[in-house]
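Before anything else, here is the set of structures, which you'll find just below.
In the two complexes that follow, chain A is the common piece, with chain B as its partner first and chain C second.
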Partner chain A sequence: MSDGTKGAAGPSIPITVEFTGGLELLFGNERKHKVSLPACMDDGNPTNIAYLLPYLVDNLMQDQRKEMFIMEGNVRPGILVLINDADWELEGEETYELQPGDNIVFVSTLHGG
Partner chain B sequence: MAPTACFNCKEARAVIIRPKNRHKLCRACFLVVFETEVHETIIGTNLFYPGERVAIGASGGKDSTVLAAVLKTLNERYGYGLDLCLLSIDEGIRGYRDDSLETVKRNAVQYDMPLEILGYGELYGWTMDQVVAQIGKKGNCTYCGVFRRQALDRGAAKLGIKHVVTGHNADDVAETVMMNLLRADLPRLSRGTSIVTESGASDIKRSKPLKYAYEKEIVLYAHHRQLDYFSTECIYSPEAFRGSARTLIKDLEKIRPSSILDIVKSGEDMAALVPQEVNQGGRKCGSTVAAEDDVGGCGSQNGRTSGGEMAAMEKELAENESAESRETEIRLPKGQSLNVSQQKVIKKQTLGHCERCGYLSSQRICKACNLLDGLNRNRPKTAIEVSVGMEDEESSSTLMRQMERTQLTNS
Partner chain C sequence: MGDLDERCAALRAQIAATEAQLAGLKSELASAQEAAAAKSNHAELSDNQQAQPKSASRWPLLQEEYKRYGRQMIVSQVGLEGEFHSSDMGLSGNGDHESLTMSSSDWAGQLKLRAAKVLLVGAGGLGCPAAQYLAGAGVGTLGLIDGDTVEVSNLHRQVLHRSRNVGKYKVDSAIESLRELNPHPNYIAHRTHLTPSEAPQIFAQYDLILDCTDNPATRYLISDTAVLMGKPLVSASALRTEGQLMVLNNPPRPPGDKQGGPCYRCVFPKPPPADSVVSCADGGILGPVVGTMGVLQALEAIKVITAMAGKGEAQNGGTGAQQSPLLHMFSAYSNPLFRTIRIRSRRTNCAVCSAEATVTLDTITSGSTDYVFFCGSAHSPSLLAPDERISAREYNEKYPGSDLGRQGSSASSSHTMIDVRDKVQFGICSLGDSINIPISNILASTSTGETPSWVPAELATSESNDPIYVVCRLGNDSQLAVQKLKDLGLDRGGKRYIGDIRGGLRAWREQVDSEWPEY
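This part shows the complex of A and B:
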């Protein structure tokens, strides 16, 4: 469990992040993570998924192979992102503004059995 | 963003965008649509007959778990009358297969299906751990593939079952099409695309009912039904040629999701155009191909070494085996297929039994036994000789004798 408010003052957003389909292997073999994000990004806008991605790499990812999760600044093709169980494409992808209690799931389709 | 309504029921919140047509569906509609499409594939290809006993090649991974769940659902919903069971192969890779076999055991309880587990160790006297210790990581997928195909067949035979279904999905088929396109192997491309592979003899029939199902939808199906599956990466699998084809497919899907089914469709159309001379000339490699392309649970993960060693191995295997009667004719147009069967009567290999193990084979010695020969020959030798390879055995022995003499002289 990590609590990453980055020492920022002001309100924070608690969310749950899940890694499944083999992705958990990159995150200490832990599927569910409770994360607390600052409500606003540095530019003053509400915190969105674009903020979350590098945050996860910097704070939760234990594997060194960053490119297994993020490629060219975006989620690696073959990894599905679900925002409260809905395909993130339906929610605006990186621009989706996180709400308290949100459940963000990253599922890899790239792993075998 | 306001929630989008389901394209199908117009009521519930859409949570899925279908890759093939961009339809936005709610959870309930998605599950039904997914199942119905598999049902249509099954009906459209006459895959089963009532009362048929079918073994599901189960690895504990997403594809075979979804296949088991969907087949159970459809069997009950549409009254197929199938007698389903799970068949798992234990390759003997510590830290890889043990956990997934635990998943399969749970699946057997969840789906109320009998389970048979067959190990490479008991079948061949070699676990994959031992094979890799002997030959190294390079090229080990060939062994694993050949062994697995036989193992599934043997497991089915043991259970008295004539039909094995595997969880190969549209992405797997698209990858195979791309790979064979890139290495100019039309015969193999043609075989890889057909839904059923079987030999003319009383051998075991293989099929892939999820052939048209997107990997993405398989994962989402598993997610939304909360199926219990296990994901892992084979610890011996090098990300080589198949890995690149896979990346290409996933990149294409990102830009244009329908690409995957379009590649499958193109593969089928190309298969229909493969002239019989191409299929019968040069490389004859029916069941070798099947062994490699039909690599069960980890098929989508297995990379291939593209080096000459692997090519040589494939060539050797290809020469040893000719069983193309297994899987080509299904997609051919009428005129050609007549032609095919005529040619086949002439060219057909008599299916006999391997002299070593008694397994059905068109050759005196089956492929698995050929591979085992190589392994067993090297077993008692030292690590130095193993790394040199078979062709150099003679010279390296000589070298060792020379070294022994040198040592004697020195002392």
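This part shows the complex of A and C:
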């Protein structure tokens, strides 16, 4: 498990981020990461998934091919985002406000057989 | 020597001919047994309908079938949830419903299995174990569709295929094994890849579809066709050490009916970029991983079949239908091994299963829904100019023996060979004097600022203009690496040659060293 905690002023939200289905290869071949995010975004609103995505690219992603993870400002097609074991589409997608202890999983779909 | 060679060849030919004869006899026997079984089953059913007592007619299964399936028939989920109604799945059209229902409620799941017609698309790593368990369980009709032939590299995971069947159609090879396992089912071979023009008419012959394929375009075609033909779909996939499984379009309802289960497009409305799709050939796959997923497909298929409700009781019949749709993920090197997540229900703007659907059977069969275009195709990149590439043969002529580590007797032959495969592949086989810098290291470094740490010191510091060559498995990653090295200025403004081996180590095998391991 790697520690992606970044020192930030003010209250923070500790969450776990996991990458599977081959996505871990973009993140130093590490599946599980502990991340601490500021409780509020710059606009004062509670931190949501929309904030998390670029944060991961800037702070955790090691591979330069950003488009393998983010395309047109959203996760690229073929990646499922799971919030505490549910598809993020059931939770409001990128507007979901992160809670302390949340487990966010990014899964790349597999096609082999 | 020549005599012995001839004798070996003759013996081989004789063995092949005898094996072919044996296979023919076996398949004749299997069809004869099948016909006999079908005849006696039919006799039992019609006897039952006509209520004519006759010793063989009292029981709907053969004696051998009670023994064969007994262990699964006494499992309550098959018996209870599989409560049988004679109107189910068109088993018996207008017979004596009541007596059949009453006498058969405890083992009805077995009758549902026997009446079921299941199509497996793909007879590979998923299809083999799935078919094996479904045949073993006594599914009455098993269809397999696959246009591929068996290759040696399939055998570690595609467990129905035998070494002697390399080169044979996978469906024929698989059915040969399945017949040995269980001669009762009716096996149907479709020796072709699934095409949009044929998919609907093939699916029409079956009740349930298993997606055991290996590419996004076929996965969308299967899901679309399954929705439009009203068939539940058990979809699985695997790569490296991980697998995924979903039961889709369950219950199968017409497009626009929100009670129906989601389809593949609901979960993945847009296909992944073609260059992000990794095949088992490129990424690797562990046999038991894909085997696990295939076995789970068979399990989900049995659950769907034994839960299939008779007409008129669709609302409360069966399992799964009312549950939230799920995605099961398997990861061999994680803890826990399995993880199940809730996924969305039908998408209100789904292109296939919603009221706003744009994909129809017509657009599929006519080709106006273009799956290849939709999913794109990853072309081998051609990033380098011809003079930045060298063939394996040219390289070998230029630096003879350097693959064996005999480089450098004269200064003129001095050069650096960088192998950018990952270190596992480098460990399997490598050119004698090559150094290993995995492409993932190269791509991970940012292009700004100082020389990244993966650049060998002698390349970064020395003033030498000795050429640098890059090689990989197939000649794709090596091009990226050459570009990267040039971006870093290692070509000293063109004074030093940097290029790659066209076609990679596969070309090396073809052009230079036929003993080079092909993996």
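Keep in mind that, in the parts below, the second predicted complex is superposed on the first by the 101 of 113 C-alpha atoms of A that agree within 3 Å, B and C clash if a C-alpha of one lies under 4 Å from a C-alpha of the other, contacts with A are read in each partner's own complex, and residues count from 1 in each chain.
Just so we're on the same page, contacts are C-beta pairs under 8 Å (C-beta built on N, C-alpha and C of every residue); 3 or more make two chains touch, one makes a residue touch a chain.
Remember, it's a predicted structure, so these values are computed and weren't measured experimentally.
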Based on the superposed arrangement around chain A, label chain B with chain C as either clash or fit. clash
Applying the document's definition of touch, where does A:92 land relative to chain B and chain C: first, second, both, or neither? first
Please indicate which partner A:72 is in contact with in the superposed arrangement: first for chain B, second for chain C, both, or neither. neither
Of the partners chain B and chain C, which touch A:63 in the superposed model: first, second, both, neither? second
In the superposed arrangement, which partner chain does A:111 touch: chain B (first), chain C (second), both, or neither? both
Could you tell me if A:20 is touching chain B, chain C, both of them or neither one (first, second, both, neither)? both
Looking at A:43, would you say it contacts chain B, chain C, both, or neither? Reply first, second, both or neither. neither
With the two structures fitted on A, what stretch of chain C runs into chain B, 2-10, 92-100 or 236-244? 236-244
Indicate the residue numbers of chain A shared between its chain B interface and its chain C interface, in ascending order. 20-22, 25, 77-78, 80, 82, 85-87, 89-90, 105, 107-113
Chain A partner, complex, touching residues on chain C are 122, 124-127, 211-216, 219, 236-240, 242-244, 267-273, 276-280, 283, 285, 290, 293, 327, 329, 331, 334, 339-344, 440, 443-447
Within their complex, state which residues of chain B touch chain A. 1, 4, 13-17, 24, 27, 59-65, 100, 167, 171, 215-216, 218-220, 223-224, 229-234, 246-247, 250-251, 253-254, 297-301
How about chain A: which of its residues touch chain B in the complex? 20-22, 25, 77-78, 80, 82, 85-87, 89-92, 96, 105, 107-113
Chain A residues touching chain C - in the complex, by the definition given at the top: 20-22, 25, 28-29, 31, 62-65, 67-68, 71, 76-80, 82, 85-87, 89-90, 105, 107-113
